[in-house]
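You will see two complexes here that share subunit A, one where it goes with subunit B and one where it goes with subunit C.
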Partner chain A sequence: MGKYLEMIRIRFLMMLAYRTNYYSGIIIYSINIAAYYFLWSAIYGGKEDIQGLSVIQMTTYIAVAWMARAFYFNNIDREIAIEIKEGKVAVEMIRPYHYLNMKTMAALGEGIFRLFFFSVPGMFLVSLVFPLQFSANPATWGFFGISILLSFVINTQINLMTGIFTFFIFNNDGLMRAKRVVIDLFSGLILPISFYPGWAQSGMEWFPFMYISYVPSMIFSEGFVGQQVWNALMMQGLWCLLLLVPIQVLWVLAKKQMVIQGG
Partner chain B sequence: MSHLSIFVQYVGQYMKTRLTYRSDMVVEIMSDLLFQAVNLIFILVVFGHTNLLSGWSKDEIIFIYGFFLVPFALFSTFFNIWDFNERYIVKGELDRILTRPIHSLFQVILERMELESMFGVVTGLAVMFYAGSNLGLTISWYDPLLFLLFVLGGAFVYAGIFISLATISFWSDSRTDIMPMMYNIGNFGRYPVDIYNQIIRYVLTWILPFAFVGVYPAAFFLDKTEWYGYAYLTPVMGIFFFSLSIFLWNIGVTKYRGAGS
Partner chain C sequence: MNSMIHVENLTKEFKSYSSRSGLKGAFRDLLTRNYKIHRAVDSISLDVKPGEMIGYIGENGAGKSTTIKMLTGILTPTSGEVLINGMNPHKEREKFVKTIGVVFGQRSQLWWDIAVQESFRLLKKVYNVSEEDYNSHMAMVIEALDIAPLLDKPVRKLSLGQRMRCELAAALIHNPPLLFLDEPTIGLDVLVKLKIREFLKELNKQYNTTVMLTTHDLSDIEALCERVVMLDEGKIIYDGSLSQLKTSWGEGKQIQFHFKTPKTRDELIRSTCQQLVVWEPGENENTWTANVTNDEDIISQVIGEVVANHQILDLKILETSTEEIIRNIYEEGIIHG
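Take a look at the complex of A and B:
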């Protein structure tokens, strides 16, 4: 356990060493949210609410969706792909830790850094200028905290799977890009899932993507209340467990037919 | 050797590497199509809940998107410098580039070329013709010429912005992670700029002029006379921002200190 905690710490410190440029990121983030605010205001065009969300809830939804993304987002699929291509993965395999767990911990270190140095100040800045709706209920914040942690797990699991695929197809830039597009669209980052037509919504329920962004953002903007929150969190937890199976299968297969390309 | 023959050589090599990983290339083209569909889906879903976006109809917004795809395809074919920092600065790859007697930016562009992105031109034209025929637009003899000019202008605007951002790495080698969000801001140039307030409109017109890769030039073909002035400015903005980025690059490259090994 100690070595995994150490990995989180090291990655955090590594990000901390390069912190200055994150401040420029906050400005870009603010412009982003501002433009969304006006775009959505125009889309609402005086309407009270669409699918049960008011304009203010919608802006809060978008702002928090991007803020949460900074936490759960990581590039470990690309890191794994590069290490496989360069042959470094051979060295990683003989080290006394589980390769995939170590990657997850590194991603967590990065996520925690971004949460404190990017999301929180960014959200604070945006909330000064735009009418965002923060809940006064501490339970909402608690549920949100649990929810983004589970989002992180689900997103990281998907990234691990994408990364492991490099063992089989050697060059998976295309797959990684497809994965990113699918997550952007179906996770609820750019559009709340409830805005899609009914048939699309029922299709998405069969995939883990909406549990990455839609659920935490809905909890935070209080689009989900009462029992809905519990159900959503249970589904997130269920997907976390379910996704362990394909990862384990892929990992066992990958180790068997590994080809070191470089090194 | 002239730049042209080097270009041809690189294209040849590129084809070879791509055909080695054929399955990946197919997935890549598919993911491009998917990526283009995402924004179209956004527009369609949004117009499922509203009829007009500050006076613009669904087909007009779709037409703007179709136009946008064409310069964007040119941009993403040749200017893949979003990971310039990681790839060239942090790993010290630029050392290799700088020892060669050709302009460094030209080499980076050639190395990072992705010819399959050109497919976006086809999608863009298809979307434009689809929306255009719904709107009953007619084509005059000068339209194709202006289209070409606006497309080149738009592609250079994009290139200028992203090259300028990449040059930040010369001064500070830390990662910024702003590139994905920058791509997202580019999306806002595709909506009628009068929905935004003064500040955002100003930013999208003069500072990060993404509106010139979307609503301004497309408004010309949609016969929105009030935007003609901005539409004609497109090539000028393209040349200006691209020149500015090359100027910044040339200064920046003298500040480069190899960071990798």
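Take a look at the complex of A and C:
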């Protein structure tokens, strides 16, 4: 366990290694949220609510979606792809740990860092300017915490799968880009799922994407209440378990046909 | 079972595709590809005893790195058996890699953006090394490699020589009984090379560490290894002591004479007619080289006869260098003549 905690610490150090990156990160988060706020207030015009969400609920939804994104989002698919392309995965394989577990821990370190050092300060800046409505209910915060943790697991699992694909196709920039668009669009980050047409909504229930962003944001903005929250969390947990299977299969196959590129 | 590395009939095949030529070929490649099976390592067998330092040499693409990668558990062999330290590197990878150290000269295992000591700290945790073991062992390593002033610098600010010494230290944090070095001295200057060699010798003496070394710099091998394994096209073509390689391939010695006056070949042959000597002209008429078999009596007799009959200014005895020997082997194949 010690080595995994140490990896989280190392990731903190790596994030802090470049100061400019750190400061610009906070500003980028604030700008993103502000842009969406203006976009949505224009769409709402004078209307009280759309699809049962008020303007303030909507802004909170967007702000929270971005805050959650800071935590669950990571680039480990890219990292794995680069390590495979440059042959660096050889170095990882001579270490006494599970490569994928270590990558997950590195991603967790990055997530925690971003949540507390990008998002929270960013959120503070944003709440000074725009009306946000945070729940005072500690249970909501608790559910939200559990939910983004599960979001992180699901998103990381998808990233791991995308990354492992590099073992088979050697260059998967296209796949990674496609994955990113799919997640941004179908996870409910840009648009809440309830805004999609009915057929699209029922289609999305068969994919894990909406459990990444839509669920935690709905829990936090209290769009989900009572039994709905429990159902959503259970579905998230189910996907976490389900996705372990393809990862394991891909990993075993990948190890068998691993080629170290470049000598 | 007292061998450190036991390898039997180890084979690795790669499937690679060959691109067809031209635009039309490129479109055809989209649909079907021509695959070729390339045998990088071809049923090699090898036994290494604990505490041995062996040099693993071969041309580029001979299969050295592939072997090392199979022995370290990175690549799965196509067939054959590997038993290192009584473990199978692929089946028990995580347990196995705790007992080896690996340095790849061409890639870094330190984290690029953070200070060297942070990398060490992480590796210490990864290998589960206790504080006392780390302190006592690493103090010696840091001292011997002279890296104490580098520890608080990020890796990206180190020079290649500095980084290489840190890499070596990083591979030794858990004091492994077996060390694989894949071209550790590539691109390093003479001073750093010497330091690394000294250090490896010291390590071998103190901890009886087994070292397997691949390199293109034969002076590394000469300085460190008594045993060499030579690989060509995936097959072992020589496995034995370096000195034996030198005697059987050394092809005698050369004696270079610098005469006071110009000489002809006939004159020289006449004066050394009792011995089997081949004379070769040097850069001018005053310089001649005598090729003789590597036998002390013959050498002294030839020198005696030449000196008795001609006035000389200078005389040198040259031995065939290891590099020349290796080059001869590659050019002619291991079967003599």
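In this text, the second predicted complex is superposed on the first by the 258 of 263 C-alpha atoms of A that agree within 3 Å, B and C clash if a C-alpha of one lies under 4 Å from a C-alpha of the other, contacts with A are read in each partner's own complex, and residues count from 1 in each chain.
We take it that a contact is a pair of C-beta atoms (placed from the backbone, for glycine too) under 8 Å apart; a residue touches a chain by one contact, two chains touch by 3 or more.
The shown structure was predicted, so the numbers you read here are calculated from the model rather than taken from an experiment.
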| item | value |
| --- | --- |
| Which superposed partner A:184 touches (first subunit B, second subunit C, both, neither) | first |
| First (subunit B), second (subunit C), both or neither touched by A:13 | second |
| Touched partner set for A:242, first subunit B, second subunit C, both or neither | neither |
| Of subunit C and subunit B, partner touching more subunit A residues | B |
| Contacts of A:225 with subunit B and subunit C, given as first, second, both or neither | neither |
| Subunit B versus subunit C as contact partner of A:93, first or second or both or neither | second |
| First, second, both or neither for A:253, with subunit B first and subunit C second | neither |
| Touching both subunit B and subunit C, residues of subunit A | 17-18 |
| Footprint of subunit A on subunit C - complex, ascending | 14, 65, 69, 72-76, 93-95, 97-98, 100, 102, 104, 106-109, 111, 113-114, 118, 121-122, 125-128, 154 |
| List of subunit B residues in touch with subunit A within their complex | 21, 23-32, 34-35, 38, 41-42, 45-46, 48-50, 52-54, 168, 172-178, 181-182, 184-185, 188, 191, 195-197, 199-200, 203-204, 208 |
| Of subunit A, residues touching subunit C in the complex | 2-3, 5-7, 9-10, 13-14, 17-18, 86-88, 90-91, 93-98, 255-256, 258-260, 262-263 |
| Contact set on subunit A toward subunit B in their complex | 17-22, 24-25, 28-29, 31-32, 34-35, 38-39, 41-45, 47, 50-51, 66, 114, 118, 169-175, 177-178, 181-182, 184-185, 190-191, 195-197 |
